[in-house]
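Two complexes follow with chain A in common, the first pairing it with chain B and the second with chain C.
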Partner chain A sequence: MPPLMKPFRFGRELPPGVLSFVMNIPTLITLSLVLAYPIFYAAYLSFHKVSLAELRRGVFPFVGLANYERIFNDPLFLLSLKNTLLFTGLSVTVEILLAIAIALLIDQTHIWTSRVTKFLILVPYAVPPIANGLIWSFMYSFEYGFLNRILFTTGISHSAVNWSGDPSTALIAVAIPYIWRTLPFAILLLHAALQGISHELYEAASVDGAGAVQRFWHITLPLLRPIIVVILVLRTSFAFAVFDEVLAITQGGPGDATWVASWYSYKKGFAPPFDIGVGAASAYVLAMIVGLLAIAYVRLIYRRIN
Partner chain B sequence: MRQRGWTNLWLHAANVAVIAFFVLPLIAALFGALQSEKSLHADTRGLWAPEWTLDNFRVILSGGAQRGAIFEQATYLPDNIKKIHFALINSTIISVSVTLLTLVFASLTAYTVARLRSRWVMWLMGVNVFARFVPIIVLMVPLYVTFRGMGLLNSIWGVIIALTGFLLPYGIIILAPYFASIPAELDDAARIDGCSRFTVLVRIILPLSTPALASYGAIVFVIAWNDLLIPLILNNRAEFMTLPVMIASLVGDMFTFFNLLMAICLIALAPTVILVLVLRRYVVQGLSAGAVKG
Partner chain C sequence: MDQTPHFIGRRDLLLAGTAAFASRQASAQSAPWALQPTSKVDKLNFVVWTYGDIYTKISAKFKTDWGIPVDSTISSFNDHPAKLMTMYGGGETIDVSQSSPFSFPNFISQGLVEPLDDLPGAKEYLADLTESAKQVAVYEGKLMGLPYFSTVWVWNYFTDLMEKAKFEPFKTYDELMEQLRKAKQDKIAEYPIFWVAGVGLEQLPGTWYQMTWNRGGVFFDKQGNHQLGAGSIARETLKWWVQTFKEGLADPESLKAQFTSSAKAFGAGKNIYRGPNHHYGLNIANDPAQSPNAGKIKVLGSPGDGKTIGDTHVYFLCTATRDKAWAWKLLQYLGGKTKDGQYTQAINLARDAMLGSGYTSVMKSTAITEGWKPWGDPVKILEIWDKATYVAEVVPSIYKPWHFPWSDRINIEVSKALTGQITADVCCDNVIAAIKEVQKG
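On to the complex of A and B.
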């Protein structure tokens, strides 16, 4: 867009450059305090010893890479990274597959139940993650949980299932509520993209004798690909930071089966022994991984715009 | 036609499955919240409770003052439950202030992005696209140290500032393209009539942007209301907790039973769920426009 030709000069108005600075002052102050400064300060802290004693004295001794050495020699940190990767891979894959299916389903506007589904889609989005986690924790409960009651009542099984207490399935038990809560976002984006596909394409394919499955593979899926990639990158980077559901359902347990990256940073920095330096270092590793994804995303978006 | 009938049947079945998956947790929560701990333990296999009660809600909303039948004999009630009104008030104040502040700040910035287009403003926009990827935990470690030095721990303000900063980039990403889509001729006409740029924003751009403002406002309110990590790390005194922090504080409490927890969860999720259902159209638009955080 070419710059506006100003029809008049307003003597009392600030020139555009100055005006845009003045109008951005609140944003600049907030963003530098909450985003820019902390990013650099986190890097600073990760190279220093910061725990309760240092916080009280206000002096943080420089320790070089010691914090990073400690986390990379800590089997628990490596396990947390591994769990985070597993969790992310699992939840994002399942989520995208489900979201494509449900987006196609709610696109069938002639089916009245599809309209009901479409109305309810947003509900999980609004539920506080911690409440979501706790509700699922109640459903999973071994002694009197809702899921076991369903099993008993329907007669599927007569022995109680320990849904979240088994180390081999605990990560899945955390992933299901997470998928439940974040699915609406993926469905909405896919549904919006579906509506952008012209009906003539489908009609032309039908005339050529393509069945529903062929139309999906050769028209729908290729046209959805850009938005699928966007969802993939966004959801992956957010799933890397999963925290609330872990706190509510397993608190890292059973054993250390569900320690994830955010949980590690939180436990190291804000629980005894309050080693904030180590917390900062581990959080920074997470930020680096997500940062790479962010770069991929920005590139992608700009390629789409150009 | 017969073929079509079968297809429709399958589609209905798929919808029923999806709807069941979406509402199952809410039904479970309601089921837990409407009975006593005793009845949860009495029958651990059936779905239908032997008796239903509203006492869980009564005890929570009265801050432990009205115990009702099921808590009459309870000798222990978590302290935080008695302070639940703080959490309700704090969550409301924080979410409303963050929504208003981000709307104002983001509108000002979005206007400069859409209309003034200085190079550094465009650069700021790029930073915003990037900023929403930063995991909150990364910001919370340094923010804790900084806010500690500024005396902003255990205060409403610390949380408001942090959330505002964290949610501002989304707003700029949603609002800037919307402002840019409003014909610049309208600005020109107003300016010929003697409006300053600021007046143009307030009198012309903002009234024409109500859908985008509603979208963004609703999304910000939901995220601010639901956020756990920021207030969890900044505020640990019951007087300054938000609802999610209060819920989290009860997680480790062995003596708090699910009936009470489910009632608190329902109280915490009701405002945002209702808001989102009422403003459904705007939330959908906002989410797809900004491809924001889910």
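On to the complex of A and C.
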């Protein structure tokens, strides 16, 4: 009878720390190629003169901080940043409030309609952003739009509202479709988090005489905070980069009422005279702001939890 | 000397005719547009903006004539520069593309455009170009492109509402304003006038350029000094224009209107007048398939001496071509002659889409005088055509690479003025300030 063979082994077993590092290497390489390289390349471009001719030749003259100097001296860039901050503040706040409210509603499992709602809530998320923008631009149409038709038929107004053509309503007109499209994502996360909260906590609070508002304020909200941070970080960064709705509905107009930072970067980089270096610089400023805001959110909210 | 009259017999006539036909055929086959390049390619491509199905047809004809398939990349008019730029910057092959006259100098300065002077047949094309087309296609003495189409800015009016209001087409801007006010007051139309004032290179700025030129003004003088200061014609024109919005006479949808969308909106029959824009809008507004008021939209010249503006869009041979000789062949199919020596594309565009041509011979042909008839009065439009000046005479900055970003600022500032965010004076001051900013590059 042949002797039993020893199991095959690659030398000695790796310590857990090293093993986890090795296991992470493929992901690290993939992410470096897919995410880090474009980010660093954009940073490189922002310090160089890059237009069509340079891009074609592959030779980019170094210009130092000139591109950054140009954008900070451009009133349109500063206005775009202001509009972006307004848009982000508005859309993220409304989105989180609505998402919490809707997540709480569909969490009521004893209401059978909540199952239907759970499905329907996903529909806007499935609509491509540019299609969403186009759908809403038809809804906003001054003469033939659905929204004005509602106003007329319900007698709320006898004159049409120029939703996306009036400078005072244009930014809101862009924010509404954006919120409509991205809200399901926040609802899903919050709904999942709600399901992880133990019912015993609510029962104990009820025994102690806590009402619905107190239960929400002292149990639900603190336990939702980590997920709210995640939503805040993600939604803020996405709202800062809003583009499709602007392109489809207002194209930055009327005037500069809806010029947001990503629209500015696009116009600088992808319209004549194709200042890609300037476009990259403006995109980088945007990324920095988003990064700082994300750090601030995490520190602020986790500090409160601790 | 024999004075006997010499009569030509039937046989002589037949022989002469056959000889002439054979000689014409031989010369047609040796003509530059009929010669096959010696190099070999497996395909060609062009990057253009959309217009009906004209590119499907001409690509099919090219394949039939030369056996080479043509790939097309087609985007919207406003997105075309970005599409072209990303392809060029990304190192892709582009044989032929096209340009608005407003972005052409920029494309040339960026190195996208190949000069055509030395290519076979280029001189013949140059000789046949209209003056307006020459001003776009010839840049710093070199032929840089072949014409796609030419157009002039015309006004339109809707006959039903004109009759209802008992108006005659206006002859002065004051009369126009009076008519608009009266039409609004009498509830003939809630918004009596529809302007083509959407953001773009030729839409909103074009309307301002046209009315300023018609009133005798320009945006820059020959020395390059701006003409937008206090009391300037451009500034006064803008004030007048703003007033139509302030008094609720202008349709608010005007601020989103592009070329075709404005023609479609006007075809709905809710406005009396449509502000000046490309003449071929009639092709939509008077098309029964696209307009409920087809046949009721008429063309109108501009007030005073009728001066208006016009321009020509061009096709060009891209420096990123795979094969210059074949790309030139394809360029001729789009902007010149096909193998049979005909301006096939230009003639089809005139007959199918009411577009004007950058070639004198086409403009004088029945393709125009008969081809335009289904949608408008060719005689009337050609009268307006004769009073048109290339828009660069009004705005010479078009030849400068900074015109494009400056045009962006015009769109922003004028939109703000038209929507009441700033006054016309502030708008003009901002537009003046923007000149220096964009010149810094």
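Just so we're on the same page, the second predicted complex is superposed on the first by the 257 of 306 C-alpha atoms of A that agree within 3 Å, B and C clash if a C-alpha of one lies under 4 Å from a C-alpha of the other, contacts with A are read in each partner's own complex, and residues count from 1 in each chain.
FYI, a contact is a pair of C-beta atoms (placed from the backbone, for glycine too) under 8 Å apart; a residue touches a chain by one contact, two chains touch by 3 or more.
None of these values were measured; they are calculated from a predicted model.
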First (chain B), second (chain C), both or neither touched by A:I276: both
Touching partner for A:D107 - first (chain B), second (chain C), both, neither: neither
Partner chain(s) touched by A:Q251 [first = chain B, second = chain C, both, neither]: both
Which superposed partner A:E143 touches (first chain B, second chain C, both, neither): both
Chain B versus chain C as contact partner of A:R56, first or second or both or neither: second
Chain B versus chain C as contact partner of A:D74, first or second or both or neither: second
Contacts of A:K267 with chain B and chain C, given as first, second, both or neither: second
Partner chain(s) touched by A:G165 [first = chain B, second = chain C, both, neither]: second
Dominant toucher of chain A (residue count), chain B or chain C: B
Those residues of chain A which chain B touches in one complex and chain C touches in the other: 55, 141, 143, 251, 266, 270, 276
For the chain A and chain B complex, residues of the former touching the latter: 1, 3-4, 6-8, 10, 12-13, 16-17, 19-20, 23-24, 26-28, 30-31, 33-35, 37-39, 41-42, 44-45, 50, 55, 58, 101-102, 105, 108, 111, 113-114, 116-117, 119-132, 134-136, 138-139, 141, 143-144, 146, 148-150, 152-153, 177, 180, 182, 184-186, 188-189, 192, 230, 234-235, 237-238, 240-241, 243-244, 247-248, 251, 261-262, 265-266, 269-270, 276, 279-280, 283-284, 286-287, 290-291, 293-294, 297-298, 301
Residue ranges of chain A in contact with chain C within the complex: 51-53, 55-56, 74, 76, 141-143, 162, 165-167, 251-257, 259, 266-267, 270-274, 276
Residues of chain C touching chain A in the complex: 78, 81-82, 85-86, 88-89, 91, 103, 106-107, 109-112, 199, 251-253, 255-256, 270, 320, 401-402, 404-405, 408, 411-413, 415-416, 418-419, 421-422, 437, 441
Contact footprint of chain A on chain B as seen in their complex: 8, 11-12, 14-16, 18-19, 21-26, 28-29, 31-32, 40-41, 44-47, 104-106, 108-109, 111-112, 115-118, 121, 124, 126-127, 129-131, 133-146, 148-149, 161-162, 164-166, 168-169, 172, 180, 184, 187-188, 191-192, 196-198, 222, 225-226, 228-229, 233, 243-244, 247-248, 251-252, 258, 261-262, 264-266, 268-269, 272-273, 275-277, 280, 283-284, 287-288, 291, 293-294
